[in-house]
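Next up is a structure, given as structure tokens.
By written order: A, B, C, D and E. Residues from 1 in each chain.
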Amino acid sequence: MSPPLVEVSGLSVAFRDRGQVNHALRDVAIALRTGEKLAIIGESGSGKSTFSLALAGLLPREAEIGGTIAWPGLDHAPRAGKEIGVVFQDPGSSLNPVLRIGEQVAEGARRHLGLGRRAARERALDLLTRVRIPDPDAALDAYPHQFSGGQRQRIAIAAAIAARPALLIADEATSALDTVVQAEIAALLDTLVREEAMTLLFVTHDIALASGLADRIAVFHQAQLVEIGPTSDVVHSPREAYTRDLLATHIDFASPRLVGDVAP
Amino acid sequence: MSSIPVLLIVVVGTFLMMELASGDAVDAYLVSLGGGDAGLAASLRESYGLDQSTLARLGLYLASLVQLDLGYSVAFNRPILDIILERLPNTLWLMGSATALAFTLGSALGIVAGARPGSVVDRMLSAGSLALYAVPSFWLGLVLSLVFAVQLRWFPTSGIETIASGKTGIDRALDVAWHLVLPVTALGVLYLALFLRMMRAGMAEVWRQDFVLAARAKGLARHRIVLRHVARNALLPLVTVLGLQSATMLGGSVVIESVFAIPGFGRLAQEAVAARDTPLLMGIIVVSAVLVILVNLMVDMAYAWLDPRVGSAEASS
Amino acid sequence: MSAFFGRFLRSPEGMIGLVLLIAIAVMALAAPVAFPGDPLAIVARPLTAPFTDMRVPLGTDQLGRDVLVQLMYGAQTSLVVGLAAAFVAIVFGALVGTTAGFFGGLVDEALMRVVDAFQIVPGFLLALAFVSVTGPSLAVIVSAIALGAWPGPARLARAEVLSIRERDYVAAARVIGMHPAEIAFREILPNALPPVLALVSVIVASAVLIEAALSFLGLGDPNLVTWGSMIAEGRNMLRSAPYLSIVPGIGLVCVVLGVYLFGEGVVESLAHRRRRG
Amino acid sequence: MTAPLLSVRDLGKTYRARGRQVVGLEGVSFDLRSGETLGLVGPSGSGKSTLAKVLMRLTEPDTGSIALDGDDWLALSGGALRTRRGEMQMVFQDPLAAFNPRATIGSALADPLRIHRIVPKAERAERVAHLLERVGLPADFARRRIHQVSGGQRQRVAIARALATSPRLIVLDEAVSALDVSVRSRILELLADLQAREGLAYIFVGHDLAVVRVISHRVAVMEKGRIVETGPVTQVVADPQSETGKALVAATPRLY
Amino acid sequence: DEAPTGGRLVVAADSEPRNLNPAIVASNSVFYISSKVVEPLAEASFDGLSPRLATSWEGSADGSTVTFKLREGVTWHDGKPFTSADVAFSAMEVWKPLQNIGRSVLANLERVETPDESTAVFHFSKPMPIQLMRNALPVVTAVLPKHVYEETEIAENPANTHPIGTGPFTFEEHRPGEYYRLAKNESYWGEGEPKLDEIIFRVLPDRAGAASALEAGEIQLAAFSQVPLVELSRMESVPGLEVVTKGYEDLTYQLIVEINHRNETLADLKVRQAIAHAIDKAFVVDTVFLGYATAATGPVPESAKEFYNPDTPSYDFDVDKANALLDEAGYPKKDDGTRFSVRLLPAPFFSETRAFGQYLRQALAAIGIDAELVNNDTPAHLNAVYKEHDFDLAIGAAVFRGDPAISTTNLVKSGIPDGVFFSNQGGYANDKIDALIDEALETVDTEKRTKLYDQFQVLVVEDLPLINVANWRFTSVASTDVVNMANNPRWVVSNWADTGLKQ
């Protein structure tokens, strides 16, 4: 068996604000296998984003970090952009409004793959085609505001994978979108990860979405990892009470309805 | 274009304000004569049409303004347009250079400060700019002229160029530039500080935005993040302020022109008021208003060029 | 509230500003107590240099008037003019801006054209002309400065009102059937004003500077001591008696700096509260 | 068959922004009976919020009619409208944005009581406490401000405010979309409970068909300002007829 | 002395008159520039008059005519010859109808006869004192070229801003806000004159600017006290610069307190006397003028030797007496220490008038008069004082123009229409004084006429229609390179034909 891509152990993150310490993560240990799709679920404030940012090395300077993050699957410490791509939640604000799409998609590739102007443009065009932006040629010279939310998220994904990262982190990449678009983006991520043999860390608060996409699911609650395991185990035989609660309150087409079939 | 009614308000407002004045152009003229009798005053008033009612004069003024005729100056005994065109370049040079200096240097230093918020460089630049921001420009002008013109004699004390030098071409340009160093510094420093502070504040704001985190996540070089992503966006509000400040700067140049005896627009305004030359003052105010409108138009164009979101047909969903 | 003060007390800018302002305010308030009588009284030999005669520690001007006394009374003028002009400009501007924002349509259009008109005319030029034609007195100078300063608050107030009008809580107020007047005064206005009030420091500072510049050009109230006119008079003696223009110049820098720093401290401490919700 | 509580016919609304025209609503018609919940689903920009605002008279439609209890709802204006607003209330998506940040929760809940003279001044505090109790909150919340309580509690306060005037109909625009799952299901239970006890009618706007299914009797699927499909919710979920309906059903995540 | 030839003299100018024609505008700021271009019939000298375009002048015994012999061989700057026709034209068409001073001095001029090209005979309808005529010559009689002005709208003639004369320098250009340039008139009638190649008047409206420019060597002369008095002692010590107080003897300015006699309180002589006693003239001379002035004793300055009468009543600085006078007049001190309030309007023309305003406010406070200063700009001040009469006390600066009849008597005479600047607009009327003034105006005999003015001075000081505080003269600061400076009593406004510059 290949070594894990990344091995996180005892990870703690705290934010200190004028004397008050706010623990965003406490003693989290997770190993990510190369090529797997791991979903992290948990409610708001449970530390999901903090974990993603810690992996990508993007935590703000004031964060106090404890524990270790080792990368046995790589021969050197990873760099954000090169070995790790990140997609954020809000497609409206994660693209620079005043720069052309082509530039934003290609800039990671130019830096990490050492591409020239032309080659970078080619690469951007290729990426935009792969994330299925209509008329990708014209899109290169367009600006973010000219696209819908779903399209922007596709562009953000293209930019994140521009330098062929080994690990793609999608932090609530679909939460701001409507269900139809959300399903499309989730499918796109799935395809891309498979094609590029990337490892995927998929952060969401929707356990159903996670279950449809991920190989394994990690459940965060109040800054702690409460449970991690293969998707079907977590969904069908959760070990922790919190996970059971999550599943119980989850609503899907199978959930019992709260009202009668017709109004009284 | 909504500038026409705005200009109308400006014109009528200024006219009415000048009606509040005690004494008219003939009085002012008679003083320059060292006095004169009542008959002389009456005949002068008649010849300048100052004996008519306020409304009639306002009507006449507006009518001539429509034909782009700014009228005739009693104080200078010349067509107002000529006088204005003679003075305008000096002020434009002064303002233009001060703006260019303040904007380029101010935003550049703002970028330096905003590149690492909270760093030593940032704190020093912030404190320095705040101090400069608090210095009255006319006082700074005095101090500069005392030190660099009178004491050290590096620069001329006053004027816009060496008088009657017969210089032309590049020599003259250099001469003017040499004369402008101190006044431009005195006028520009305040705005330099303003732009620096705005740039810095703007960058601090942009640093918090998601797309900067995204840029960091792409592993871009720091200078690229600072310049291309952060500074580029922080520049936008600066451009807007540039337009808003043009009027303020025009006003500020009045005092500086007085300190450095530069025959510009501001001084002309002072002279016009002192001479109760209503048409001249109106001409000055109308022309400066048009100037400000033009600057704002240019700024809008620059903004539209810098910010693709503006004026674009497709808007976000 | 107390959290706000706590933050303010810990903000270095705010504290320096506060100290400067207190010092200047004390100076202004102490003036009539320490030196009752006419600040423009001729008390000693003209052009006594500073620190040479301890009865007039900062020296005298060309008429033998005490520079220290003038400096202290000048602080009064600067503060009074600055605060009064800012008060008038902000009250008037906020009134016009909120009116335009509330009523919208033709009223908005008309008022905003007037605001435009005032914004494209250089404020200082306007103040200069206004003071020249009406004669310099404290009230005239204050109005002249306010005349150039009100469009800023007006625009901001209007923008705030327009933006708050679109907020959900205003929609919620309409939904429960609140009267439009109550919506305007209870829901919108109190939330629209704070950003406008944040302009106070900038306007006070610029009013102090404009008053000084007007006095410098000879358009100050002759019955009052003002720093600008001290500088203007000192200007004629810049080389013989540089202290005459340097002393009030430093006074000006301190007031303006104090106001800015104080304002910055306040805004920052308030902004924190907004950010944290 | 009783007459519908709300009868909407042929609503149309076009937004004009910077010279462009955007369809907000087009030919929207439906009926709603007392005690019934109509779910409203559709992709982003399909006009759900526009419909909600038009119903609440927060924005005016270009065409069409609305009858509340048989009365012409669009003909009301001024004081008459304000008086009758008590019959139809609304809950917004973001409860934080829906409350004046300066007001205490108590005064926000007292406002409708005062405006509609529901109880004498002396009894208001008591009534506010009762309202809080009905949405499952302790009475001392009245002293807090909205940013001092959690997300789910905020939405409960919003519902309490909507209940204050004893409305017959509440429009809920994405009222549970921003909430964590556990909180969300409790709010849904609260809504269903209130309906069962008081015969309220709801228009429930949401983008998650699974959630809409749980709380609604009927559902209307919207797309580009039009209602493309309506029917009993179970039926639509089981067998959507419209393209949009099919896409929505397909896109709703299921637990595997 | 003989001055070196050549060179460019750069001097400071503080204003830019819109009309540079000295025949129309007889004011110092116009003369300053145009006296080098347009010449009068005669100019002042330390021993009387020195001939310019006229070589002699003679009055008839009955005062009905004055005959001028004119200089021959003089040409205008455009090459045309100068003749008596030019003088006749200037007198009848310009000085008498248009000029601010000529309108009154030459009011009785009927016609000018020109028996030949070099003779002009002025005929008057009422006796014209030759003393007055002589004294008026330097001020009133700048001669204009008839061929340029004839049959034009004289007031609008382009030569008013680009003067053409017979003087040692030709007017070359005016760059508004920057400078005027005059060049040597190669065909000037004066032998070996002018010396300078060029004179540049550099516009420096701010007084501080002139001092800096002098020190920086950018200009060589600042006249009319453009360098502030307080800077003088320091300028004195700057190598290469000197302070010159000579050259202004006939350009005396009088610091006066104008009084509005419509104010009942001020109409009381005792009150006026009290005010006069409250003013410490010596202090004013020392502090406001830093010694560059003399205390005034009456309406005629000491420098006007021909007219000055030292035997006038005096009002010593005496606060107690002033207080006593006010008590006597029935204005006791109230609880707050004041007796009554007045509005005090200092003229904005000079920093000294404003400074004196500050002083007077304080001097009045000392005797219980609460004075509120009102600072107006020039038009507003003139309007308030001379038109609206909206003042109680005003501080003015009057020019003594060589003869009391030229402008000084206007300050006390009654019956002057409203709106005439620098005249009695305080509503003062004194039959005795009026009669004296009228008599002197037609008294041909010089000695008799002088006597009348002696009396006039006594009456004015006794009754105090206004208070003369001090008389002051300007100073110049110049480079020591300037040669032949200040060699006549109106030097700054004379033709500078013999002025030179050491290289």
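In the analysis below, a contact is a pair of C-beta atoms (placed from the backbone, for glycine too) under 8 Å apart; a residue touches a chain by one contact, two chains touch by 3 or more.
What you see is a predicted model; the values in this text were computed from it and never measured.
K.L.:
Shortest hop count from subunit C to subunit D along touching chains?
P.N.:
Each step joins two touching chains, and the minimum needed here is 1.
K.L.:
Give the chain pair, either A-B or B-E, that is connected by more C-beta contacts.
P.N.:
B-E
K.L.:
When the C-alpha atoms of subunit C and subunit E are each averaged to a single point, how far apart are the two points in Å?
P.N.:
Chain centres of subunit C and subunit E, defined by C-alpha means, are spaced 44 Å apart.
K.L.:
Could you please state the distance in Å, as a whole number, between where the Cα atoms of subunit A are centred and where those of subunit E are centred?
P.N.:
Computed from C-alpha means, the inter-chain centre distance equals 90 Å.
K.L.:
Could you grab the centroid distance between subunit A and subunit D? Build each centroid from C-alpha atoms only and quote it in angstrom.
P.N.:
Here subunit A and subunit D have centroids separated by 33 Å.
K.L.:
Taking the mean of the CA coordinates per chain, how far is subunit B from subunit D in Å?
P.N.:
Whole-Å distance between the two chain centres: 54.
K.L.:
Can you list the residues of subunit A that touch 2 or more other chains?
P.N.:
In subunit A, the residues touching two or more other chains are 149.
K.L.:
Two or more other chains in contact with one residue: find those residues in subunit D.
P.N.:
Only 44 qualify.
K.L.:
Mark out which residues of subunit C touch at least two other chains, giving numbers and ranges.
P.N.:
Answer for subunit C, listing residues that touch two or more other chains: 132-133, 135, 235, 238-239.
K.L.:
Could you pull out which subunit C residues touch subunit E in their complex?
P.N.:
My answer: residues 38, 40-42, 46-47, 62-65, 132-133, 135-136, 218, 220-223, 233, 235-241.
K.L.:
Spell out the residues on subunit A that touch subunit D in their complex, using ranges where they run on.
P.N.:
My answer: residues 43-44, 149, 177-184, 205-209, 211-212, 231-232, 235, 245-247, 249-264.
K.L.:
Could you please specify the touching residues of subunit D with respect to subunit A in the complex?
P.N.:
Those residues of subunit D that touch subunit A are 33-37, 43-44, 151, 180-182, 184-186, 188-189, 191-192, 195-196, 199, 201, 207-211, 213-217, 232-234, 237, 247-248, 250-256.
K.L.:
Inside the complex, what are the residues of subunit B that reach subunit E?
P.N.:
Subunit B reaches subunit E through residues 21-24, 27-38, 40-41, 75-77, 83, 86-87, 90, 145-146, 149-150, 153, 156-161, 163-164, 258-259, 261-264, 267-268, 273-276.
K.L.:
Quick one: in the complex, what on subunit A touches subunit B?
P.N.:
Touch residues, subunit A against subunit B: 56, 58, 79-82, 84-86, 88, 90, 92-99, 107-108, 111-112, 143, 145-146, 148-149, 156, 159-160, 162-163.
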